[in-house]
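For reference, chains read A, B, C and D in written order, and residue numbers begin at 1 within each chain.
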Amino acid sequence: MTLSGMFKGFPLKAAALCALALTGGFLSQAQAQDGDIRLGIVSPNTGSNARYGSFALRGAQLAVEEINSAGGINGKKIKIFSGDSQCTPVEGVSATQRLIQEDKVGFIIGDICSSVTLAMQPIVENAKVLLVNAASSNPAITYKAGVGGFKWTYRNYPTDEVRSLVVLDYATKQKNFTKFAVLSVDSDYGRGAINFTKKYLERFKSEIISEDYYKDGEVDFRSVLAKIKNSGAQAIIMYGLADTTPIIARQMVETGLAGKIPLIGNGEFNAPATIKAAPTALNGAIEAAAWLPGWDTPRSKEFVKKFETAYKGETPNNHAYSHWETVHLIAATMKAANSTDGEKVRDAMAKIKFDSAVGPITFDDHNQALVPMILLEIEGGAPSIKGAFVGSIDYPKN
Amino acid sequence: MTMPAILKIEQISKSYGAVKAVSDVSLELQRGEILGLIGPNGSGKSTFFDCVTGLGTPDHGRVQLDGTDITGWPLNRIAREGRMLRSFQKTVVFSALDVEENLVIAGQMFAFDSTRATFGIGTETAAIVEELRIRARELIKLTGLWDVRHMPAGKLSGGQQKLIQFASMLMPKPKVILLDEPMAGINPKLIEQVVEAIRYANTQLGISFLIIEHNIDVVTSLCQRVIVLDQGQMLAQGTPQEIVINPLVREAYLGG
Amino acid sequence: MLNLLGEQLLNGIVTGSVYAIVAVGMTMTFGVLRVINFAHGEYFMVGTFASWFVIEKFDLGYPQSVVFAVALTALLAIVVGYFLMRKMVGAPFENGVLATLGVSLILQNLAVALFGGSYKFFNGGYIEPVELFGYGLAQQRILIVIVCVLVFIGLDLMVTYSRMGKSMRAVSQNIECCEIVGIDVQSVVLWTFVIGASLAGLSGVLTAPVNVSVYGGMGELITFKTLPIIIMGGLGNVRGTLIAAMILGIAESFVAGFIGLQFRDSVGFVTLILMLMWRPHGLFSLQSRF
Amino acid sequence: MSQLQETQQTWRSGLRLPAIILMAGLVLFAPAFVGSYSLHAVVIAMIFLLPALGLNLLVGYTGLLSLAQGAFFGVGAYASALLSIHFNTPFYVNVVSAGLISGALALPLGIPALRLRATSFVMCTLGFIVIGQAISKNWISLTRGDMGLSSVPKPYFALGPWSFSVVSTAAYYYLALAVAGLAILAFYLIVRSPAGRNMIAIRENETLAEAVGIPTWTYKLIVFVLSAIFAGVGGSLYVHYLTVVSPLTFQMYYTTTILIIVLGGGVGTISGVVFGSILFVALSEFLRVAPEIRMIAYGICLLLIVFKFPKGFAPVIDKVWSALGGQRA
């Protein structure tokens, strides 16, 4: 090889490739310009949280079918465009950009993973696309929304701050626990919830003895469980991933924690498959969830029935519910605004009063929905509902 | 009165584990001399070469080049600063590059005063490279490689590669060249060409040589003096004529 | 405190046993082929998936699923070994890195494409806890340790006494010589690779009941854990690998138990870098290879 | 030279100038007529071009296979993100600092690593990725751990009272184009210098290079640092474009993609790497291949490179191109 030969043929070849890429560019632009309402959904469809994404998408799809078969909104049908975030901010941002730029969506239901939603916020703000969160619970999302800054972000989901407060309140007052070990997932959600727990520790005269965070994909908890067993903790505060809960529960049985130290927090403790994996470890577990299939209101029961009919008898989880409900919320807001224009819908959402399966929804000045958190305890292998709480949030002063 | 030796090697020893490959070998290479180094296979010639040229480090002993102690210098420094170059028993060239590039590379580190300077891109750099290229062409002509100068070196015959290697070593105008079996595996017609080239370099360019060689005819015709190694130790030294009739040497070769 | 120390030691031995069974295959392959098999963890994944699949779809019992999983992994290894690994004898080192990286990408993402990216729940195995030295432990974990011991005894016997084992040892020492004395290097490479990959598959299905979740990316984690072990054990050294695996397992367990779970994964690679800086040939001398 | 080849030659050189003008036109005015998503894909490709150029310097010119390129890409991304978040520094400060920080880190890492031989060197560079991942995950106070850094400001330029931000994809396209162009120029100057020839010598035969006086170790270290600088600059460009960075930047995915660009495009060439980044990043991004399918394709590419096309796919395309063009015309 001679050094001078390096540029040989370069311009021609590169030109050919550019031409190829550009032809593709024209093709992609030639997509249909129909009158549908384009709704983007960013959720994890691959990776370790794909289960969440699958529930979320199916929930939203169900709602869209209901709305479209009832005639749509002002004659327009809703069309879903899905973007895979893999629960990572980088992929989530890519997916969001693609939805906005290529699929030209006007509305996005945001990710389940808080880290992704936080990263999406500035993008939708720039693009003037309405982002309605249906399942990410980190409080910072709405700290920064509404009067906090981002005008295009709304959230129809209770926050971790409420969740931490509700869980701690119940655990200390009803169960008389004062010493806790932390075993949470290492994410905005897991770490965020623990930070709020710490904020309220003093109020409930309790303490955190040990603190561990697990990575996505971790399977060996024996060492940390052994430590917790020897630490004198009365309960494990866990804000974790649904997929990891059965592993932890099983290893709690192995290490002799089951029945002695309960899990409290959130991580789909109430899912039948989870309970089946290790019933003895989960009995006594306390969970705060936005919704659960056993929630006893007509609308809730109707949703479960519809979901089961549509998807081969599979029971929905809270992400399916919250996405289903959020699509209905957006549709209702459009009807209220009598428009599908992004800005008008956005402004109408601030004033909406929507009857959801868990109660009426209104938004505060940070665009945060005031929705209740449901508290449940696993008793005899089944969740038993202990009540629903709407907590108000002390927004930090900027 | 004699001039001090250009290369003075004192009591080099090197062992691998329990095996003593070279023990206490000393020699002096005089200015302008062609010194032969012979010995049966496994007598430690190559190990000795490696220790002298910095490819390996001797366990003890000293190497002085033109009055400078170069013991423990790495190969590249001995080549660059000491201007003592070596060839390899298994011929190596930069296979993918053509003959001319091979020679230009061989001259580069001597033409630029530092590593940093080689990153230069200006006209000054270009001028230096052009000079190297002119010199490379001269040497290519000299070694009879003109017709194949734009062929990738790896595509050429073993003998031609030997010539490339030899021409490369002449690029930096060295003081000393150490050749490790320069005639091995090349056809008899080329042998004469290589011998001529060595002789030319020795007489016209004033380069001193230390040569490992098996071909006794070549040794006899080229070398003023010969040293015989056996089992890592110096067995004999003298003129080629003396060595050929030395009974100890004969025994070592036959017995080895 | 002593109680906790004992429990962490026990956890470490169990973890170390898993690492050992996986790593020994990789180190053997390196021994005969001088290739770091970046796809090694993928055979662990394939074993787990195979077992999960037959349990879920065909309602097979766990022991049968183990047999199926190991057989399938071995079959896959024969195919990969025949078409790829065998051809890497004497190839430049980079080729091995790239080709095995390619195999790893294909297998890993094929699993994701076929079965979806979400975690699967592994049903099966012997997960009832038993008491051992006063510590709770699933029966499966005891099984893992026992299998680990058996595997290493078996390998030791094979390498010392069987024809195949002797050929493996010969190839790992000097490939050129083997060709001269009539050892079919390519077939030794192929079968060593198949044994190694099958062992990875075996350890995958053995750990599935206690790890519970099954997913496409699980192999990559295992490969990354294995690399420091085989370096520490001295590349190609079977006994060294066992000791290195135990050291890493126990060290990880102590780090998770006494420092924090989040630091566990760093242990291996900090070890790796230190090893490479300090003793690139591993903790044990090269003489004890195989 | 035969008559046919002669005509072909003139045909080609006759077309060369228009082709250059056409290409320059396409490149300069692309945002005017390319769909914004295609533009996004091209921007991503230009970003990946940077670490790929760095790796090309290592593997293509010096013959060192390193897996650490993804790690330095990540370091650059984090460095740039942290600078702009905490000090609100303008883009040109970020991008230069990101390169320098990556390079500065590569120096102490390279010194021990380059003393190792092939196998151990590759393992060691793999170790750098894992360590990068561990640090980014666990040094929470700096990196926010798995949560990553979000809302990284879009690049802005400030010169006295005058300042502007690069927000739109089209604007970013020109920014990336400028940086990529400068990088190509820098790369070209490096490999055209005598040092470039010394690097090739090291790739071809390290012992012989030593024997002709090249301090191979020094050159390898310099190249390792240079490659890290390229990667760091790429990381900076990446993070300001996506506005987020998380420990996933230290995934094997990035390293694999960079490897594929260089090896698939054709090691040791500039056009090959440019071509590789368009083929493997822009096209795959823009065809929206599902991630797992894309990775399977990458895997197959790696096997093809090892067993069928050791020089990458660029020569194959060359052949097809000349078959389509010259002889038949």
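To be clear about the criterion, a residue touches a chain if its C-beta (ideal position, glycine included) is under 8 Å from a C-beta of that chain, and two chains touch if they have at least 3 such contacts.
Computed from a predicted model, the values in this text were never measured in an experiment.
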Task: Far-end chain from chain C, centres as C-alpha averages - done: B
Task: Innermost chain, where centres are averages of C-alpha coordinates - done: D
Open item on the list: Between A-D and A-C, which chain pair is linked by the larger number of C-beta contacts?
Closed with: A-D
Task: Distance from chain C to chain B - Cα centre to Cα centre, in angstrom - done: 49
Task: Chain centre separation in whole Å, for chain C relative to chain A (CA means) - done: 36
Open item on the list: Can you work out the whole-Å distance between the CA centroids of chain B and chain D?
Closed with: 41
Task: Multi-partner residues of chain A (each touching 2 or more other chains) - done: 1, 3, 46, 186, 213, 215
Task: Touching two or more other chains - residues of chain C - done: 112, 117, 262, 265
Task: Touching two or more other chains - residues of chain D - done: 137, 192, 197, 290-292
- [ ] Would you tell me which residues of chain B are touching chain D in their complex?
- [x] 53, 55, 74-77, 79-80, 85-88, 92-97, 101, 104-106, 108-110, 112, 115, 118-121, 125, 128-129, 168-169, 171-172
- [ ] Flag every residue of chain D that touches chain B in the complex, lowest number first.
- [x] 189-190, 192-195, 197-198, 200-201, 204-205, 207-216, 218-219, 222
Task: Partner chain C, residues of chain A touching it in the complex - done: 45-51, 54, 183, 186, 211-215, 217-224, 226-227, 230, 243-244, 246-247, 250-251, 253-256, 273, 277
Open item on the list: Which stretch or stretches of chain C touch chain A in the complex?
Closed with: 1, 3-4, 7-8, 11, 14-15, 112, 116-119, 121, 127, 129, 135-138, 141, 210-213, 215, 217-218, 221, 252-254, 256-258, 260-262, 264-265
Task: Parts of chain C lying in touch with chain D, wherever the complex brings them together - done: 34, 36, 84, 87, 93-95, 97-99, 101-106, 108-110, 112-113, 117, 216, 220, 224, 227, 231, 235, 262-263, 265-266, 268-270, 272-273, 276-277, 280
